[in-house]
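Data block below; observations after.
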Amino acid sequence: MVNGIERPLDVLNNAKGKEVLVQLKNNRQMVGTLLAFDIHINIVLDNAKEINEGENKRSIGLTFLRGDTIIFISPASVVKQED
Amino acid sequence: MVNGIERPLDVLNNAKGKEVLVQLKNNRQMVGTLLAFDIHINIVLDNAKEINEGENKRSIGLTFLRGDTIIFISPASVVKQED
Amino acid sequence: MVNGIERPLDVLNNAKGKEVLVQLKNNRQMVGTLLAFDIHINIVLDNAKEINEGENKRSIGLTFLRGDTIIFISPASVVKQED
Amino acid sequence: MVNGIERPLDVLNNAKGKEVLVQLKNNRQMVGTLLAFDIHINIVLDNAKEINEGENKRSIGLTFLRGDTIIFISPASVVKQED
Amino acid sequence: MVNGIERPLDVLNNAKGKEVLVQLKNNRQMVGTLLAFDIHINIVLDNAKEINEGENKRSIGLTFLRGDTIIFISPASVVKQED
Amino acid sequence: MVNGIERPLDVLNNAKGKEVLVQLKNNRQMVGTLLAFDIHINIVLDNAKEINEGENKRSIGLTFLRGDTIIFISPASVVKQED
Amino acid sequence: MVNGIERPLDVLNNAKGKEVLVQLKNNRQMVGTLLAFDIHINIVLDNAKEINEGENKRSIGLTFLRGDTIIFISPASVVKQED
């Protein structure tokens, strides 16, 4: 169990400065370092890369992602380190 | 009959800390432990796994899911234990 | 004519505790006992079953359904008993 | 010309208790007696029937329809009688 | 140039009682007499007809159209008379 | 660089009375004279023409376009004159 | 790490007057100079060009883009200069 998650945005707050996987609608995925988010789930990733079924597809760098295209944001590797 | 369900969010409140099945739009499904939710039905799952027609497809770990991609959330196994 | 229906939500209020058919977008259907709803038409069904062209497809149990995936909710069998 | 229609909802108010044709997104249609509506254009139909290119497809009975799936509502036969 | 159009809704106000062409999403079109509209661009047409690539497809009569299915409303013939 | 553009709507304000290209969802395009707009980006075009891959497809005349079907509005020729 | 990004819109503010890549829904992409944006992520690009899998497709010039069609905005080349 992960401690200290009271509200959904706590997960994003804990993930700031760490790498996240972002699943977008239309089967796009991005990985990058989460720099910022707001209540609309607009987010900023640094060193973002689009990935396509496990392969790098395009290097995007710093990017602003609109919240309404996001399905999930997963700071997975971070969490495994905390467990 | 399940007691104590006055409002839809009561079901999610009762399911905190327990495993849920989440059906997403576009035929995606996830199972995981429900850690948090908000009024937009944004949720956090721990130990999340994408499943595809009964088979594990991808292990996601901790994940933030945006509410607008969710069709239903079912704490089914929990309920069966309470009946 | 059904008496006592002044506002659309009156139908859902009358159907509490009774079986309803829920038509979802993307050709999904569910039947189950309506336990709760809110003004967003988020609903809770107990003993929910997904059905597919008349056949049971999956037993879901207790489930929270987000309102924005719902096309219609029909407490049809209940109404026939009242007529 | 139809008299007394100042605002769009006046048409729905005049059609209460009368048969309407409801065109839904995704090519679904319903006919039934309009019992109630609200500002979201959520409506309640009694004796509702899904129709498919002129043929009855399914008898639904009393049903709550969410406004956001509706394209148009036409109290057409009622109007012809008033002209 | 058309005079007196300060805000988009002025066009709809000027078109009241006149014939309009309404382009809906999903390639549907309607023609009819505009009786009423509101700020959501819900509209009422009288003597409405669905048209399909220039041919009449279905006579609808009086109809309430939800604004969110509308792409454009064109009081075209009216304007040509004013020019 | 274009001077005097502080907010996005400034571009639309500058384009009033001039010809714009409007890209709609679903690959529709229109050209016409921008007469009015509001904060929902509902717009009015005069002498509007639907164009299809560079060819005129349909002459619409005066038209009200709902903002939610618009991808971009480009007063391109106007800008080139100002540069 | 990029300094001074507290909120998502800070990225857009920093990118004003610089070239950005804008990924739109439906696989459209644009590049251009970001002149303005608002909280709906409506943006204005100058010297905008639609690009299609790396090739220029259409030169648009000054353009107003509605926020709800945007997936991401990436001031990528700018960021690389800052690192």
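The letters A, B, C, D, E, F and G name the chains in turn, as written, and every chain counts its residues from 1.
Methods note: a residue touches a chain if its C-beta (ideal position, glycine included) is under 8 Å from a C-beta of that chain, and two chains touch if they have at least 3 such contacts.
Just so it is clear, the model here is predicted, and its values are computed rather than measured.
**Student:** What chains do subunit A and subunit F have as common neighbours?
**Tutor:** Output, common partners of subunit A and subunit F: G.
**Student:** Overlay subunit E and subunit F by their C-alpha atoms and let me know the rotation angle in degrees, rounded to the nearest 5.
**Tutor:** In degrees, rounded to 5: 50.
**Student:** Once you find the CA centre of subunit B and the CA centre of subunit C, what distance in Å lies between them?
**Tutor:** Chain centroid spacing, subunit B to subunit C, equals 20 Å.
**Student:** Would you kindly tell me how far, in whole Å, the mean C-alpha position of subunit E lies from that of subunit A?
**Tutor:** Measuring from centre to centre gives 44 Å for this pair.
**Student:** As a quick test, compute the distance in whole Å between the mean CA positions of subunit B and subunit D.
**Tutor:** 35
**Student:** Listing for subunit F: what residues touch at least two other chains?
**Tutor:** As it turns out, subunit F has residues touching two or more other chains at 68.
**Student:** Under that contact definition the chains make a ring. Starting at subunit A and heading to subunit B next, list them in order.
**Tutor:** With subunit A as the starting chain and subunit B following, the sequence is A, B, C, D, E, F, G.
**Student:** Could you list, by residue number, the parts of subunit G that touch subunit A in their complex?
**Tutor:** Touching subunit A: residues 1-2, 5-12, 21, 25, 41, 67-68, 70-80 of subunit G.
**Student:** Contact residues on subunit E for subunit D in the complex?
**Tutor:** Within the complex, subunit E contacts subunit D at residues 17, 24, 26, 28, 33, 35-38, 42-44, 46, 48, 60-66, 68-69.
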